[in-house]
Structure formats: structure tokens, C-alpha cells
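Consider the two complexes below, in which chain A is the common component and chain B and chain C are the respective partners.
So, the complex of A and B:
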């Protein structure tokens, strides 16, 4: 007996999954075997008629879906369509005739949905076989006190609201995730392998599969295509930005929270409210305003030149001689500096809120006993408060980091149209020094319709984010470090 | 001809009214009958006169007769044009009072109409306004119906040649010119400048008055002015996607040097954004600027009686005076070929751009008409900004360039106007820029 348990533990869950199916098919009675074709057969035969009918209805719906939806789309999936849009206007009657054209994008999208439905159906079919077999085993058990009762349909439905309530609760969010996240991601991945761009835009033109050539051109750095150069440069800045933005807002958030929490601060509630008001103003409004303040002819520049700051910076060499303004958002280093600064300003209130919550929960006995032992405030902060905050906020720091890799608002709203790259190689690939991968991706799709390269970048951003998340989560949360703080 | 059209319209109208009276049922034979009748009357009536016009009127009558359902259309016009356009839509509907329309007006800037139209052409509006520099992308994306025929007025002969050219791609007309005022020219303050014929003279006068002259040199749309003025080309290739450019040919470095020299004066300054121009004019630092009619009101308000406009000045290239060029800009009305009612959409587009509408648009909104007759009117000619545009028209390019032109050209402009800070060899600088400009669109 022990041996068997041991064995079972070792077997691959994947294998078990199919083994169970094999058992169901091999040992099932006629009705179970019949369920392979008519899915409701097993249920109907074993006293669960309504369930049998429902399952059969699902099967019929699936077959109809296959014939009228999946088959026509999947048939064209290999080529993504061959008939180009043609429309003829008869100048005499002012009526148009349109041919029965293929829309590559619709074919791609529908095929992926169809494939998805087919996979779902196969999984459903397998689980159906298994549960029909379980039902048969249950039904064939000789009458006894220990024999389990076969649920009626009503009881099944009721169980969805009691012991199986998790299924009911999770089905809606799961469906949402599939529709909103998973299918679009598959479409995005597929587009990276096509030539979907300005010259191949459905519905008027067709696009088709091109293999991995888009990935090749991303890393190629020939003279004509500077995409690889632009990619490396932007990737570097994206990572630097994500680190800077995350750390600065984090540190300043904690400092601010401690300042407000400090016993010597007057009116802490008022200060906290003021910072929360800053959150309540939509971020893009703040950013657009700030952008105009710091524009080349903006108010900050006119103040600076009036009080002589501009001249001073010129004499120090921070502003080049030919300018008569401070290029806050229009030269590379100034713009990067300003973006980080403005981001601190925009992001600190959030961090302050979180840090306030954490600070309030730090057990005061530790700090008090440390102080009795003669620790200074600073030592208490470094050795007790900081580790505690880091432990609690570790996961949220990682999410912040990933969020900052994709921080579209700050970069795009501050630099769009204001920043013109002086680097011809970047300009030739529609990129700028201050671009993050995500803003570059946006301009490629929105301004240049280069969907295929945008998808490639999208996949790479995804991979980067995934790698960072997995690495840091496993490092930070692995082990049972919670014990250290109890 | 007009009367006959009216008669046809009435015939069709009667037929249509009868149909409506019948309450649906089997309508198509009756509709065909009325069409037939209309055609008969037209041919017997007027065999000798302009037969093309007759078929055009027939077409409209046919369309009216064949339309039994509600005609649902969406129209996009700019935010500022909403009220005016709604008025035109109302009068269009009353002109065809026997057809039930359901026309929705949406607000969308002409400047970036393509972004939303091309995002989903099939869901895009039936009729929309756009700036002509987007025409290639729109044609490539299949978002424009070719104007194969016109019905209520002749688009090609009644509008300025440049505007028709701007609506034409590969020899086919794709859009209806609506305004001819999207180009740029020179605004100046009369109290500062007496001579605006050359940039050199202007710089002298401006520096004497301690004022600046602004131009968005770090923008491909504006810095084209210098290269084209000196005889270099950048234009759209035959494929409708890529740009042909010879700025790096022999002599191109002279133009580059000319821009560097202008930047070094300190009086001729680069404006990064349109807003910078307006701000500079309002606060009094800028006394002359290269801009377009969209800023006319703001500039007029700032300068009052000293407000003046003119064609662009000349500039010095290797010791010679060259006239600065302009991109001429037109706003167009386009019809979506994916519309359910292409016929009606075309008629509506014609209506929105006919001479009367263009005159009304000038009166209501101050937008310069593309219609020749409207452009000749005294009211239009006495508007300084529009008169300056007309003066500049001779030195302007009404075509477009490919999508890859803009970013490299902007960077080139920025490098030159900031005095080539890295000291790159000018020929190399131009070679790199042209390489980006002419890079095949992927």
C-alpha cells in the first residue's frame, strides 16, 4: 500500500491525465463508449438525463461552430486569405459592388478564437469521458450504506453555490482574462510572424506569414535598417529608467511618509490629504501642464532667464552656448533628468500612502527595545524599519518596476512633439533617445502602421517583464522569511 | 440644365412618394419603372445638349429612386467646424427631402484623421475631412473612394489646380478639395519690418529692434522650404509609400551651411512647437514667424494694426538669393469605399465642397477656399493671411512625401539650426538624413 502511494506521487501528472482517459475508454461500458461520439449518452444512461441533454447540446453547438465558423476560417489560416478587396462603383447608378474578399486580420483573429474553442472542447471532451466513467463506477457499485448518492440535476446546480462555489465565482473572471488578455496575446504573437504593415493593411490588402524575418531585422544592424541600433539604445534607457523611477519614488515615498508620521510634524492629516489631492487630479492633466511649464518658451524658462539662471547654467556649461533657454524637455540629458524628476513628483504620493500603511504596522516594541539598547534613530531605521518595509513592499516594488518599464504616460505626454532626436540613426528608425520600448511601439503602430515590428517589440517587452518578475519574485519570496519578522 | 435636373428629381420624388404610400411590399419593379421613365424623359428632352450632364442627373435620380431604406451615414469634421458642418448637413438633407437620412456628425481633427480612420477602415465614417498630407496613407489603406465621376459640380475644373493635384494619387482623383489654406507663409510686425523680401534684410531689421524671427526648422514640413528653394527635391515615389530625395546631391551642403549660418545669427530661431510661435509673438519676443492661417487670429490679436502677412522671403545660398518654398496644404473631404452608401456619401462630399459651401465656410470660419470662383471673391482677397498664401502658391509644392520623411528630416533640421554641434561633415550629415528619408517603408 505504502509502495503504491509512493509510486503515484512520482508519476507525471501529465501522464496520469491521459492514463485516466485511457482507463475510462477501456473500462467504460457501452454507454460510456458511446459517449465518445454522443457526449450525453453516458449521463442519460446513468440517471443524469438533464445533464446528458445539456452536454449533447454543447456538442451540437460545437459541431455547428466548426462547420460554419472554424472550418472556413481555418481553411484560409495557412495563407491568411487570397482574394483581395475589389469595389466597383457604377457611375450611372451610384451603386457599388464589392467582391467576396478576404480580410487577413479577421481570418487570423477568427482562426485563433476557433483554435482556442477547439482546444477547450477537447479538454471538455476528456473531462466528460472521465466523469461519465466515474458515474458508471458509482452507478454500478452494489447497494450498500457506503454507496455514494448520484446527484440529481437540481443537486448539481445547488452544489455550484455551496461546495463548488469557487467554480461559480471564478468562471467570470477566467472568461474575462481569456477574452481580454489571452486571445489578444496570441494574436499579437501571431502578427510578429506576418508582414502586417502599411503596405499590407486589411481590409484592402492581404498580409501573410513571413516566418522569423521580423526578428532577424530587429537584431540586424545593416546600414539601411537601423532598427537593431535603435532597439539596443532604447532597451538600455528603458531599463535604466525603470530602475531609477522605481527606486526614487520608493525612497522619497518612505522619507515623506516618515516625515509626516513623525511626532514633531504639525497637522499630519492635512499634509497627507494634500498629497492625496495630487493623486485625485488625473495624471495626464498634470503631465500636460508640466510639459507646457517646462517648454522651451514655457513659464519656467522665462522665469529662469529673468532671474539669470539660464545665463548661469550657460556659463557652467550645462546649457549649450547657442541656446537662450534651458532645454528642459528638448535635449537628451536634460529631458531624461526632468522626466525622472517629474516622475518623482507624480509618483511619490502613491508610495507615501503605501509606506504610511506599512510604517503604522511596524511593531513599536522592537524599535523601543532597540532604543533602550542605545540605538540611534538612524540605526533603528536602517536595521529595523527598512528591512521590514522592504520585506512587505518587495512584491509591490517588482510590480512597480514592471509598470515603469511600460510607463507610457509620463514619457509620451512629456516628450511627444517636444523632443526631437539629434541622432540621425535613431530618427531613421522613428525612435528618440527618451523613448521607452512601449512609447516607441506606440508610435510605430499609431503613426507608421508598422504592426509587425511593433508585435516583435511587444513580445520582447513581455519577455523582459516576465523574466524580471519571475527572477525577483522567486528570490524575494522564496523561503519562509516571514518568520524573521514575527 | 438645372431645371431639367429639378424635373427629374421631381419625377423620382413622385415615384418615391408613391412607393412610400404603398407601404413597402414589392418595391423594386416600381422603382425601376420610375427610373426608366426618368431616363426616357431625359433622352427625349435633351438629345442634343451635354449628354454627360444628363447621365449625371440621371444617376442622382436613379439613386434617389433606388433608395428605399434610411440612409445612415457618419461624417467627421474638426471640432471647430461642428456647428458649420451641421448646418450644411441639414440643408443637404432638405435638398433631398424625400430620402430619409440619419446622418451623425463626429468631431475629429483633420490633422490626424488617418490615425482613427485607418485603425479600422470598415468602422470608419462614410465621409470625413482630412489634411491632404495623409492622402497616400489613406489611399494605401483603402480608405478613400476614387472620385470616378462628379454629379453636382465638376471637382477638377472648379477647384484650384494645386488642390486637385493634391487630391490625386497615381493619376486618380481621390478626394474633394475643401480649403486651400493649410500651407505656411510669413507673418510679420509692420512696425519692425519695412522690407520682407529677403531673410538677410529681415534679420538685420529684427536684430536692430532686438526681436526674433521664428520658424519651426526642426520640423520636416517647414525645413523643406530651404532645400526645395535651392532646387533640391523630396517627393513621393511612384509606389505611394517611399520618398525620393536628393538633398545630398552636389550643392546640398551649401543649403545646410545656409541653415547653420541662419541659426548662428541668434535672431533667426527654431521653434519646437506651434505653441512656441504663438507664445513668442504674444510676449513680444518674436516679430516675424513662418506659420499658417490656423494662427492668424492669435497673431492678429497680438499685433493689432501692425499685423501683416506676406509670401516667404528669399534666403542666401552660396551667395545667391533663393526664394523659400512652402508645402501647400489643403483640407479635403474623402469618401470611405467601405461605406454602405457610397453613392450618397459622394453626393454629400460634393455638397460639402461646392462653391456655395466653400464661400460660406470662408465667411463663417475664415478658411481659405479651394474653389476658384470662391477664391477670386473680394472678401477672400482682402484677407491678409489668405492673400499671402495666394502669393506663396507659386512657390509651393502641393504633393506629399512618404511616411519615413518626417523623423529624419526633423533631426536634420534640428542638427543644422543648432549649428551642427557635433561638427559632423555636412555631406555625411546629409547622406545619413537622406538614407533615413528614403529608407523603404516597412
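So, the complex of A and C:
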């Protein structure tokens, strides 16, 4: 019986949420009903005067916010502003006067914040109604030994440091997350539906809603708009890159860890530290350095041409005849190859560290008994070590994959200023063959101010990442063992 | 005998790998001491050796090189980032690990998913939010960028707190301690090792970050840059031939403290990455 009740509650949390509100309004006394308008009324009537005043103050603040902040912004939210920026130079006083223009971006941002505040307030209002009703029930209970005591204000404050401590702890970090993560995501989504670009830059120009036309142009392909072409090419390379980067570093990381862990190795700790030194240097320094290392006139190229490697590659056909250098980072296929190789250089020490940790926990009796049964080293590796590592690291592999989709540093630092696309269609969309979606997005915003298309790309990447994130996430959560030690 | 040969080959192979991994680092170090200011395109080792690059870097700032100021900026930003992030992460971890409230699991899941969305994607929006608050090209803005969302990265510290025996907290509660006292007097001291990890980890973020710094400080003056942006700008096409060896010197100087901190931290790094997945 109890189980059934619990099940019902679990399946319909939303229903109970509104049902409780309904009960509060229907069964509440005059003061509770009055709380619908004056939020503090219920508290004040039921002996919690200070709380009542505070809640009413919040309500007043909210109303003031609505009148002076939300209303003027939301009124223009439909058009994102109509008054164009104008500057008039007064020839007599030589002073410029600027008219009371609309800034589309400010309107957009403020409207989103205002909507956010309004939603928060509605939730606050609902929970207020419920707690006022609970207070009424508590207050009307007949005097008895089991009757719960109504908290004074002082006790309420104290509870924030004892049983409600989590509210105190979470409020500041949550505020930060709202400011840095949640509001930007909403802004990003909104911009994708506007025509915000270089021709529509506030404050000098207005931008407005254009519906889904940006999404259409991402898949369109005409002589002037080549986003569809560029998008397909870059998406393909992004996914290929993410798979290659994740697998290569993963496999070579395990191999390197096993090489160092092997019983033959003297001083394994020293070897490990030497590899770690390579990644301890900040990534932007090493990557920029490597870019010059492999530059068209860089040192590797001059060494290669001295010892005849360049000529050899020319004769094999890997380097085209009219070049007298190896285009490590300046021709498409070479650059893609080099990026993956350099990423191995960057990523393998990390994976080696992790794999070392995992390998140390591997049950050695299994491997030993397999060897007694006549398994070779290789068989033991394939049938025992690998499945174990995959089991432990499976979820983090997917996380790595998502991280590689967004691996900005490696691609941008290696190819910016070094790679120029020969493909006119890609150049029209400000893209390059070696770009990932994120580096394309970054260039679109940082160099070309094409915010609308960047937002659309951002949303697409979001969706791709979300799918993989949720894939790995369900596995991570399902095996939650937080209670094990407690 | 066979074993010895095998051992020699084994170590020879490792040595080759180490050389491959350390060649760029070595190039960084030797170029930092090079007498030729541009990129040496024909020789790996410089023809003339000098310490002038370091002198220029540290003692004689000019319009391009303001290394002392950059170092100070990055240090200030990273100290504040480190304090705020560590506080946030500890607060969130304690709330999720040691207190029980309605919607806790849902909130935890939501945070993990939100944290996996990379910041690079929403950076334009972050930039404009901060611009409308007038915080771009300011260090306060950078600190907010690096630390505001840090509460989401609670997983590792929470995992550590989960291993603290519940009896410890129960006993304190029986003695009449409030949750605040349990948090500050009992849980935090026990968590010291993982706090070290968290502190170093968040301290390193501003030193290695390139994207946000470029976006946020781009229009500022050279004096306000962080080390990453300052060094990057030295490699501008018009400057690289005069400043490349100074760039290397700057990279070398910044690498020393970072490497030391990273090597201290690396043993926790493994725990951190696998803690999300080792649930079997």
C-alpha cells in the first residue's frame, strides 16, 4: 500500500506540485488568500511578522523591477527596437547630440534577464503560497504536546546554518552559474533567430528577429551563400578529428603506460616524469612553438631538405612538384595529418597517467592464471587488460570525444595564420578545411562579427555534444556509489 | 644474455620516445638563450648564446613586452579565481555530499550536464553579458569568467567527501554542532589533500587559458594583458622576427612554476578523471 502511494508520487511530481498550490488557495483562510496579492499577509497574520515584511519587500522590489526594467524592455522585445541611432553635429557649438536610440542587443539581453526574473518570481510566489498554507495548518492545530512550534525569525535565520544549510551553501555558486552558464545559453539561442551581424551592429544599427532563416542558410548552398557546403565539410572533419584524436591518444596512452610499467623498465617514475614535463608547459606555448617548428620555412623543413627527405617525398608524390618545402601545416592533408600527430604528442602523456592509474588496479591473478593456461602476452592484453580498461574508462572516452569536438587550442593555435584555404567556397563562409566547428565559430565572431551564424553553429554543436554527454552521463549516474563509505 | 639485450632495446626505445616528446621543450629552452631575435630556420641550437632575452623580458619593458605587468595581472587573476572557485566547489560539494534535501539528485545531474557544455560555445554571449556590465577589458571580468561557473565542477571533491565516515558528522551533531561548524571544523580539515588539488587546478586555469583572455582583453592595452595573450601577440607577423626568442624566454619563465604545480597535482589528476567513471 505504502509502496503504491510512493510510486504515484514519483510518477507525477508536476501534478502534485500544482495540486498542493490548489489546496493552499482553496483551503486557505482569509490571510492566506490575501497572500495571493500581498505576499506577506499570511506570515504576518500567523505570528511571523518579520518574515511577512521581508517577503512583501521582495514583492515590492519585484513590482518596481517590472515597471522600470522589465516592462520597457519587454515592450520592445517583439521588434528589438525601432529607433535608429542618429548623431547630429550642431555647427554652432560643435557638439554632437545623440538621439534616444534603441540598442537591440541590450533590449534582447535585458528581456531575457527580465523573463528569467519573472519565472523565478512565479516559482517563489507558488512556494510562498504553499508555505503560508502550511503555516496556517500549523497555527490552527489544537494545543497539544505533539504540536509543532512556529519558528521565530531568529530561529528561521539559524536554520539556514543547520537543517537548511544547503540553501546558504548553494545560493552563491548558483548565482554564478546563472550568470555565466544559463543566461548566456539563452542569449545564444535567441541570437540564432535574429539577423545580428556586421551589417546590424548595435549601437549604430538595429537587428531584429528573422525566424529560422539562419538555420536555412546553414543548409543552403548557392553561389553567394556557401554555408551549407562549408558546414557539411567542417562537420565531417570535426567528427573524424574527434574520433581520431580520442582513439589515437587512448591507445598510445595505454601502450606507453604498459611500456613504462613493464618489469623490464628501470626507474619507471623517472620516465613517467619526463613525459609529464612535456605537458606541464602551458599548452599555448608548446603549440605556438610547434607551429613555427613545422612552418613552411621552419627548422624541420630545412633539416628535411638538407638530408633529402623533401626530394624523396616529392618523388613519391606526397609533396607536389612545384613546392620546395614540405607543407606540414599549409596544405590540407598534410595539416590534418600533422594536427592528429601533434595531438598525440599533447594528449598521450595525459592518457598515460590515467592508464597507469587504471593498470595498477588490474587484478593480476587473472592475467597470471591466463598465462599458466598458455595465453601469450598479446592474448592476455586483448582478452583481459583491454576489456578491463574499456570498462573503467568507457564513460571518460565519451567525455574525451566531446572535449575533442571542442578542442579549440590544438586546431586554432596550430593553424591560425599558418593555413590559408585554397577553396573559394569555404573562404566565402570564412571557413578553412582544417577548422573545427568551434574554431569556425570563434573566427566568425572574433574576426567577422557574424554573430547570427556563429550562434546557429553553437546550437548545433550543443545538440551534438548533448547527445554524447547524455550517453556517457546515464552510465556515470547509474553506477553512483556515493553511500558506499558513509 | 638475451634478457640484457632485450632490456637495452627496451630502454633505447623509451629513450627515443622521450627525445621525441622533449625536443620542442628543448627547442624552447635553447631558443630562449639565443642571440638571434627571430626564428632560427637553419640550426636547432643557436649560434650565439646570451641571457639578454631574459634581461629584456624582466627588466626592460617596452610597448610590446610588459612581462612583469602580465605576470602580475595573471597572478592577481589566478589568486582570486583560485579562492572563489575553491570556496564555491567546497560549498557545492558539501551541500551535495553531506546534506540531504528534496531535488538533490536532480540538481546534481543537471549540474553535471551543464558542466559538460564547453564554455567556448557560449563565449560570445558571456562576452556580451559582461560587456553590458562594463566588465570587459578588466581583471574583475576575467575573474568572473574563470570562477563564476566553477561550482559545477564539484564531482571530484564531492567524491572525496563521500568517503568521510558519516559517524564523524553524527558525533559532532550529537554534541550540538551546527552544519556550519561541521563544515568548517570537521569536513574541511579532513579534505585537505583534495583541497590542494582544487587550489592548484583552479590556480592554473588563468595561466593556460587563451580563448577567453583573447576575447575579453583584446581591445585593452598591453599592460592589462595576461601572460598568454601577451606572449601570443609577440608572434604577430610584424613582430615575430624581433621577438621570437623573447617569446621563448617568456614561455620558459612561465613554465617553471606551472610545471612544478602541475607535477605536484598530477597524482590527483588521475583520481579526478577516473572518479567519474570508476563505479564498477
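One rule holds for everything that comes next: the second predicted complex is superposed on the first by the 440 of 486 C-alpha atoms of A that agree within 3 Å, B and C clash if a C-alpha of one lies under 4 Å from a C-alpha of the other, contacts with A are read in each partner's own complex, and residues count from 1 in each chain.
We adopt the following convention: a contact is a pair of C-beta atoms (placed from the backbone, for glycine too) under 8 Å apart; a residue touches a chain by one contact, two chains touch by 3 or more.
Since the structure is predicted, the reported quantities are computational estimates derived from the model, not experimental observations.
Student: What is the contact status of A:417 with respect to chain B (first) and chain C (second): first, second, both, or neither?
Tutor: Touch partners of A:417: chain B and chain C.
Student: Counting only touches as set out at the top, which of chain B and chain C does A:92 meet: first, second, both, neither?
Tutor: In the superposition, A:92 contacts chain B only.
Student: Applying the document's definition of touch, where does A:394 land relative to chain B and chain C: first, second, both, or neither?
Tutor: It touches chain C, and chain B stays clear.
Student: In the overlaid three-chain picture, which partner chain does A:260 touch, first (chain B) or second (chain C), both, or neither?
Tutor: second
Student: Looking at the overlay, what does A:302 touch: chain B (first), chain C (second), both, or neither?
Tutor: Touch status of A:302: both partners.
Student: Quick one: is A:201 in contact with chain B, with chain C, with both, or with neither? Answer first, second, both or neither.
Tutor: Touch status of A:201: first partner only.
Student: Is A:450 contacted by the first partner chain B, the second partner chain C, both or neither?
Tutor: first
Student: Quick one: chain B or chain C, who's touching more of chain A?
Tutor: C
Student: Now for A:38: first (chain B), second (chain C), both, or neither, which partner does it touch?
Tutor: Touch status of A:38: no partner.
Student: In the overlaid three-chain picture, which partner chain does A:469 touch, first (chain B) or second (chain C), both, or neither?
Tutor: second
Student: Going by the contact definition given at the top, which residues of chain A touch chain B in one complex and chain C in the other?
Tutor: Correct list for chain A: 292, 295, 297-298, 302, 417, 446.
Student: Enumerate the contact residues on chain A facing chain B in the complex.
Tutor: It comes out as residues 85, 87, 89, 91-96, 197-199, 201, 203-205, 217, 223-226, 292, 295-298, 302, 320, 322-324, 330, 417-418, 420-428, 430, 446-450, 452-453.
Student: Help me check something: in the complex, which residues belonging to chain B touch chain A?
Tutor: Interface residues on the chain B side: 55, 58-60, 62-63, 66, 115, 118, 121-122, 137, 140-143, 145-146, 148-149, 151, 218-219, 241, 263-264, 266, 269, 271-273, 275-276, 279-280, 283, 337-338, 342-344, 346-347, 403-404, 407-408, 410-415, 418-419, 421-422, 429, 432-433, 435-436, 439-442.
Student: State the interface residues of chain C toward chain A in the complex, per the touch definition above.
Tutor: 6-7, 10-11, 13-14, 17-18, 20-22, 24-25, 27-28, 39-44, 88, 91-92, 94-95, 97, 99, 101, 104, 109, 111-114, 116-118, 120-126, 128-129, 132, 144-145, 147-152, 158-159, 162-166, 178-180, 183, 207-208, 210-211, 214-215, 218, 228, 231-232, 235, 237, 244, 247-248, 251, 254-255, 258-259, 262-263, 266, 269-271, 273-274, 276-280
Student: What part of chain A is in contact with chain C in the complex they form?
Tutor: Chain A residues touching chain C: 105-106, 109, 158, 161-163, 165-166, 168-170, 172-174, 176-177, 179-185, 187-188, 191, 256, 259-260, 262, 264-266, 271, 273-286, 288-290, 292-293, 295, 297-299, 302-303, 345, 349-350, 353-354, 356-358, 391-396, 399, 402-403, 406, 408-409, 412-413, 417, 438, 441-442, 445-446, 451, 454-455, 458, 461-462, 465-466, 469-470, 473, 475-477, 479-486.
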